[in-house]
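Alright, structures below, take your time with them.
What follows is a pair of complexes built around subunit A, which joins subunit B in one and subunit C in the other.
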Partner chain A sequence: MRILSLLISLALWYFISFFTEIPPPHEVFYKFLFLIIYEEPILGKTLIQHAEASLFRVLIASTVAFALAIPLGIFAGWSRNIREIIIPIVEVLRPIPPLAWIPLAYIIFAKLPNTVQVSQLYIVFVGAFFPCVVTVFDSARNVPEELIEMAKVYRANDWMVLRHIVLPHSLQGILTGIRVGLGVGWMSIIAAEMIASSVEGLGYFILTMYEVGGRSAEIVSGIAMIGLIGYIMNYIFIRLERVLIPWR
Partner chain B sequence: MALKIENIRKSYGDLKVLDGVSFEVREGEILCIVGESGCGKTTLLKIIAGIEKADSGKISIKDGRIGFVFQDVRLLPWKTVLGNIEFVLGSMGMDKSKAREMVKLVGLEGFEDYYPKHLSGGMQQRVGIARAIAIDPDLLLMDEPFANLDALTKERMQCELLRIIRGKTVIFVTHDIDEAVYLADRVVILSKRPAKVVDIIDIDLPKPRDRVSEKFLEYKRRIYDLL
Partner chain C sequence: MRRSPVILILLAVILPACIQEGEVQVVKLPPRDMVEQLKLGEIDAFVAWEPFVSEAVVNGYGKIMATSHDIWPNHPCCVVAAQKNVDKDILTAIVWAHVKATRFINDERNKDKVIEYATEFTGKDRSVVEEALKRIKFVEYPDKDMFKKYYEKLKENKYLTKSPQDLGYENEDEFFKDFLDDSVYREVIENLSKNESWIPKKVNATVRMGYLTADLHQLAFYVALKESYYEDVGLNIVKKEYVNGVFEMEGFKQNEIDVGYLGGSPATLKRVNDDVKIKIIAGANNEGSAIVVRSDISNPNDLAGKKIAIPGYGTVQDFLLRLFVEKNGLKLR
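Right, the complex of A and B next:
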């Protein structure tokens, strides 16, 4: 079935490329391999180097985002008081697209010597943080009451309930939160790289290829790389869920 | 006397659940509480366990550990058989090394590292019983522990239960008259909601009991008539 799905996509691609400026698959494939192996002359970097740059930014910013979002989500699910303070704030900020923060980020970080880079990290942070905190919160809030009652009968203290009941129950939510957060963070970095000169990165690469004269094979190669990496990240985490949650 | 309950009343809003329930539990006996489903038996157990408060009345209980076996078992799905038992030993501040011995006691040797979802309903409740016994309870509360099991498994579990809980002071709640007569030293019969004690009957038969003996059936009929 997977092979069939691939064949249909390729057929569709050929069909579309016949009527538009989009280059056909074999041409892109050739260009893609070329860009992976050789440095592209304008920016002087291979596609792999651009991907590394983008991936590096995403991993740094989303690690910080998760380090805040996971405990916050757990505590908000666990304590009613914390929930009533945090959740309204989250719900107001959450619908704002990460990119809407860019101008403000430039102002906030204007005094730093590396304003652009820090702003990009900030945008990825925003992208990764909100889906993660909401998913973790949802699972931490839905811990079965009966299990907590059982723990109370056996005189478990708050710490034990948190450590042995709330946390393991929320593990699925944590993993899903990380997976979705990374996905949104990945989309955000590509967009953020397109807006300001960032020397390297997949988004910047695509934009530059457009600006030097619509090199569509290069652009589609960049897009393919973005899709490929997003797919791999998602796949790794779905696999990880099976390993880390053996009781399901 | 291990426990004395006097005139316990409890309502949820306008719904009167317990209407002045009184009885005593003797040291080392199995006391069965029989009543229709929804008559407030579970509420009564929760009040005794201290996780619900009565509106009025008095409970005199020696300080000590209370084990609780739930109808819906309530194992932690992310902990193994052994892990579930170790959890309550930990929460009660007791030595965890006893857990293995408890697994053996309930006949689950070899299943120590299984997760609950890989166990049958009967085996899960064995873990529930092992967990409650592990803390060496001064009082063991059992809330219809076999209600969700098939008839054969249920009878086997009742038979084994007598061996496992020998010598313990037990309050066993059920709506199954056969189960009550098979297990109990005394049976407390509760009325329909709001619950009151209708009668308390001594079951004066040696254990293990023959479920189809004349006397056994006589006790069953007597309780049936009172309900």
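Right, the complex of A and C next:
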């Protein structure tokens, strides 16, 4: 069935490319391989180098986002007081698309060196932070009450409850939060790179190729690379979930 | 809190790959932001059109490392391009207004008025535009052979993805004959040489005109507006501003404009790559750009590892930077 799905997709692609300027699959495949091995002449970088630049930004910003979102989500799920302070703020800020922050980010970080780069990292941070904090919060809040009560009967203190019950129970939520957060962060960086001048990165590459013109195969190759990396990131975390929490 | 070892491994692989020494880093910026960013130290150098070069120099934010005259003497720069389907009478009216405006600018007697118009058009101080005007040569039609160098270099640097044959021309000569169409210009100057006060017939038409943000090279456009040359020939001009020539070519492609002032390099690039059906009906200026560097940078080799801004890939300034870098044995990133 998978082969059939692939064949249908390719046939559809050939069909669309026949009527539009979108290059056919074989042409894109050749260009994709070419761009992985050789530097594209205008920006002087291979597709791998652009992908590395984008990934690097996403990993830096997401790591900071997760380092804040995971403890915040767990504490909010575990303590009613913390929840009542944090969750309304999260719920108000969460629906704002990361890209809507771009102009404000430029203003906030205007005094810092590399305003553009810092703003891009901030946009990824926003993209990765909210899905992660919400997922972690949900899983931490849904720890069965009876488990906590039973622990307290055995005189477990707050730290022990957190360490031995809430945290292990939230592991699934943490991994899902990281996976979803990375996905949104990845989408955000591509768009942020398209808007600002970034020197390198997949979003920058795609937009520059469009501006210079006559480079549909390069554009589709860049898009394919975005999809491929997004897929690989997702795949790694799904495998990781299976390894770390096999009982699920 | 759990840190995935995968992330750490990826970071270890990626970090070294992102550090590159000894190459000139190129960023895209609108010229109006270049001066500010040079002042703030966000960039180390920029290549821009006037008056942004003079603005940085007069205010002491940077100094000129090379003018476009040093890089490529007498190079064609901005031109007037038109969609191929624009009516010939309208083109005649536009070219007439342009030639009149260019001659007005080049007439020493109008010096004060030209400076006044330049100040209004660009929004810059008198001292800045006076300095800037010294570096621009206002022309009526570009030297065709020199203009072809854009094509040759764009081809050599692999910017071009198509050939004249792909666009339906038999060879490059045939392509240039169509692209650099000076027939209307020749007619206009011939009529003007016979009678200096000749005015073509009124066309009573609206023309959507593109131009670049505060680009002093395109002063003739503003002078034609202010001196009512467009009115004289019955042209109603609707203005549309673009940040660089590549974007203006997008404007041509999306049919947002009929005629436009823009750089010769983006005009050639997108004429070929995207088959944007335009032709060059007049020239606007030669030279008039420069590489501006921070005061502590003194020779071209100091640019290695530095961040230098251009208005966009495929623009005249990108073109000049590539020539400069090539000449000085540097590499662009």
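One rule holds in what follows: the second predicted complex is superposed on the first by the 247 of 248 C-alpha atoms of A that agree within 3 Å, B and C clash if a C-alpha of one lies under 4 Å from a C-alpha of the other, contacts with A are read in each partner's own complex, and residues count from 1 in each chain.
The rule we apply is simple: contacts are C-beta pairs under 8 Å (C-beta built on N, C-alpha and C of every residue); 3 or more make two chains touch, one makes a residue touch a chain.
Model, not experiment: these values are computed from the prediction.
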Clash or fit: how do subunit B and subunit C relate after the overlay on subunit A?
fit
Name the contact category of A:174: first (subunit B only), second (subunit C only), both, or neither.
second
Between subunit B (first) and subunit C (second), which, if any, makes contact with A:165: first, second, both or neither?
first
Taking CA centres after the superposition, what's the angle at subunit A between the directions to subunit B and subunit C, given in steps of 10 degrees?
170
Report for A:197: first if it touches subunit B alone, second if subunit C alone, otherwise both or neither.
second
Pick one for A:49: touches subunit B only (first), subunit C only (second), both, or neither.
second
After superposition on the shared chain, which partner residues are touched by A:37: those of subunit B (first), subunit C (second), both, or neither?
neither
After superposition on the shared chain, which partner residues are touched by A:16: those of subunit B (first), subunit C (second), both, or neither?
neither
By residue count, is subunit A touched more by subunit B or by subunit C?
C
Which of subunit B and subunit C A:7 touches, first, second, both or neither:
neither
After overlaying the two complexes, what is the shortest C-alpha distance between subunit B and subunit C, in Å?
16
Going through subunit A, the residues touched by subunit B and also by subunit C turn out to be 171
Across the complex, what residues on subunit A touch subunit C?
41-45, 49, 52-53, 55-56, 59, 63, 66-67, 70-71, 113-116, 171, 174, 178, 197-200, 208, 211-215, 236, 240
Considering the complex alone, what residue numbers of subunit C touch subunit A?
1-4, 6-7, 10-11, 14-15, 17-18, 25-29, 41-42, 157-162, 246-247, 249-250, 269-270, 272-274, 307, 309, 312-314, 331-333
Touching subunit B in the complex: which residues of subunit A?
146-147, 149-157, 160, 164-165, 168-169, 171, 245-248
Subunit B contacts subunit A in the complex at 49, 51, 66, 68, 70, 72, 74, 76-79, 87-88, 90-92, 115-117, 131, 135
